[in-house]
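Letters are used for the chains, namely A, B and C, taken in the order the chains are written, and counting of residues starts over at 1 for each.
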Amino acid sequence: MVIRSLLFAPANRVDLVAKFPRSGADAAVIDLEDGTPEQEKAAARSGLAAVVSGLRARGMPGLLLVRINAPASPHAPADLEAALAADVDGLVIPKLTTAAELQPIAAALDRAARPADRRPPILIGLIETVAGVINAHELARSDARLHALAFGGEDFISDIGGRRTPEGREVLYARSQVVIAAKAAGLAALDQVVVDIRDEAQFRRDAVEGRSLGYTGKMCLLPRQVALANEIFTPDRDEIDWSRRLLAAAESARAAGWGVIEFEGRMIDPPLVRRARAVVELAARLEASR
Amino acid sequence: MVIRSLLFAPANRVDLVAKFPRSGADAAVIDLEDGTPEQEKAAARSGLAAVVSGLRARGMPGLLLVRINAPASPHAPADLEAALAADVDGLVIPKLTTAAELQPIAAALDRAARPADRRPPILIGLIETVAGVINAHELARSDARLHALAFGGEDFISDIGGRRTPEGREVLYARSQVVIAAKAAGLAALDQVVVDIRDEAQFRRDAVEGRSLGYTGKMCLLPRQVALANEIFTPDRDEIDWSRRLLAAAESARAAGWGVIEFEGRMIDPPLVRRARAVVELAARLEASR
Amino acid sequence: MVIRSLLFAPANRVDLVAKFPRSGADAAVIDLEDGTPEQEKAAARSGLAAVVSGLRARGMPGLLLVRINAPASPHAPADLEAALAADVDGLVIPKLTTAAELQPIAAALDRAARPADRRPPILIGLIETVAGVINAHELARSDARLHALAFGGEDFISDIGGRRTPEGREVLYARSQVVIAAKAAGLAALDQVVVDIRDEAQFRRDAVEGRSLGYTGKMCLLPRQVALANEIFTPDRDEIDWSRRLLAAAESARAAGWGVIEFEGRMIDPPLVRRARAVVELAARLEASR
């Protein structure tokens, strides 16, 4: 299960949710939190199970998730109940700040009946507050259901009272800490949204930087961004070819008793070999899941 | 109490201290530490109360603070006594490294008599050593009198044995950690000085980056820098207008039951709305305090 | 003992190891780990003492070290035994992740006989995994024999699943955390390798940035890089002259009772004076050791 793209749509925007099956997203999120205004939340919850059934009936590919309101919000219990009553693959938990916040969610998941042929629901924890960034390591290890941490750069900067820039140095520390925490705990890591929805170049730059940092996928605001995220988080032809050549050269070197070799101008040693192998394996996994 | 600019002058430079009332600084600091050479410190301490009275008599606007020598220094006790005997609004504690260092200062503040109509003195902790950066979170939470943490980039780089560059990547980690620690503890955050005192463009770049990171003000070495800091840490007309338009659009969207809207090419959701509201509120606070 | 350059060569590449004495490296490392392929490791270990004796006989200047395999590897005990039986100045421990990993190494060093006229062997810990970066502070303080931490950017990025870029923002957090941990514990700090072995400009940029961050030297893959590292981690003529002028100006200012002065367009206070003094002292130490 590789999530390169995680597409959000407000739970009360049935028109946008209806686009999920053809969006190409590896995972799609029906959003009861920030996407759905206060006065629409109750209706959105009531309609959730039917919306999910509708998507399933249309053969929704990829994962289908629900973002509940933050654990500290008064909406959280009702959201959780509605999400568990619907046929979803998991939950996105926003503004995750302390490990204790996950406990009632974990308890509700334990109580919920689930067909034996379905995978247990996964959790994706959104780290998007100053306190959440500080506690990222603890949060990453707090519940075995966590599949990924996601970094919410917009909320983080709002919380700290900063400003966003295209270059993004203002989030580099937090964005690095979240991916480090995720990977140390064996989790996937989903990168920040890009709110400049008409600026494809900015999305590309940001996604490429996220990938360099170790993120494995990216949160998306619309299907256009999904296509870009899928592209950037999939190894491209050149990268696969280069990795295969490198692995072949390393194998020859190994057989000849050379531990470190020069390959196309770079000194190649085991970390580069491991990176090349990871590229080839990810490409094969993505190919197999098509 | 918003400190956009914190102007330092050496305690033995009565000529520079005399410029405080007309400097426009939100806070001004009489410096017994690095600004005052060893052989002048005793005289500067003796003259402190009179200097402060003189400034008060001239109707000094803004806060008036004293930077004592580092808690570990032999000067610290006498500095503290002199500062508490003068009519100041608080203390700047340099080279703050462990929470224990604040205890004697806190005890002295508890013992000090203070007129009932005066606010209790505030503390600003300067994080400017490698050990201080490591302990930033603990320091930020160590005393309720702390109003702000300040980041001393020059001292930090001297302590770690690095070099300063105009781009400042060498301090990005430490500068980020300090503002995160401050904000997590509910404190203000004051950014590093710029020693290139004739380079206005460098000061602007550095101040804008500090603001992006979440800093709320900046330490200044001379009145010229104060004017720039006040300007950059005050929302400008365009930013206020944009924020007001955004809030109006968000309010219309809310009334119409839309949680997320496109506004001038960006996807607007609650974190951006919160940021816009913070801009408008800060502008109103600064306007009211004029 | 200042290590500006730490040159690696595979233990099974006697031709490359033979270049150590004339490489100019402040320290050279015979590499039993990644440089030596699996099937060559046993032979390399057997030959180690003779290789070391040969280098000593040729009057090897600088430190001579051995990189053993990672503590968690099955090779580690035999590597350690072979290294201690050879006349080396210390060990490089790769993929250091927890303090417990150093205990068997410390115990073996305690047991090993050593001529009374030789310095005790030093340890250099390589931080190059996600877990190692997280534990960097604890690792830096875990054993008094540690002389330096080194940051392995290539392995770190392989471990986190990221990509390397020339600008290196993807490692800025980890690279900063390692040098901060090292310096807080009073250790030297050795910066990442540059695998683009034909790109001198890239090596220079990377070394200059490492020096700005506080690193004291750099790991090198070949003698060409050693010359660059030695140059960049040695204060140059302009820097020494500027530092001397600054110290003279600061001394005059001090004598005149001025704590902070303007010097060539910059405001000079104690942190800059300390940095200038460090430059002059390092230059003198390096001059003396020639």
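Keep in mind that, in the parts below, contacts are C-beta pairs under 8 Å (C-beta built on N, C-alpha and C of every residue); 3 or more make two chains touch, one makes a residue touch a chain.
Everything numeric here is computed off the predicted structure, so don't read it as measured data.
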item	value
Interface residue identity across copies subunit A, subunit C - same or different by half	different
For subunit A placed onto subunit B, the superposition rotation in degrees, Cα atoms, nearest 5	120
Between subunit A and subunit C, centroid-to-centroid distance (C-alpha), Å	37
Multi-partner residues of subunit C (each touching 2 or more other chains)	172-173
Of subunit C, residues touching subunit A in the complex	10, 12-13, 31, 34-40, 128, 130-131, 133-134, 152, 154-155, 157-165, 169-170, 172-174, 193, 195-199, 221-222
Residues of subunit B that touch subunit A when the two form their complex	137, 172-173, 176-177, 179-181, 183-184, 209, 211-216, 253-254, 257-260, 262, 265-272, 274-275, 278
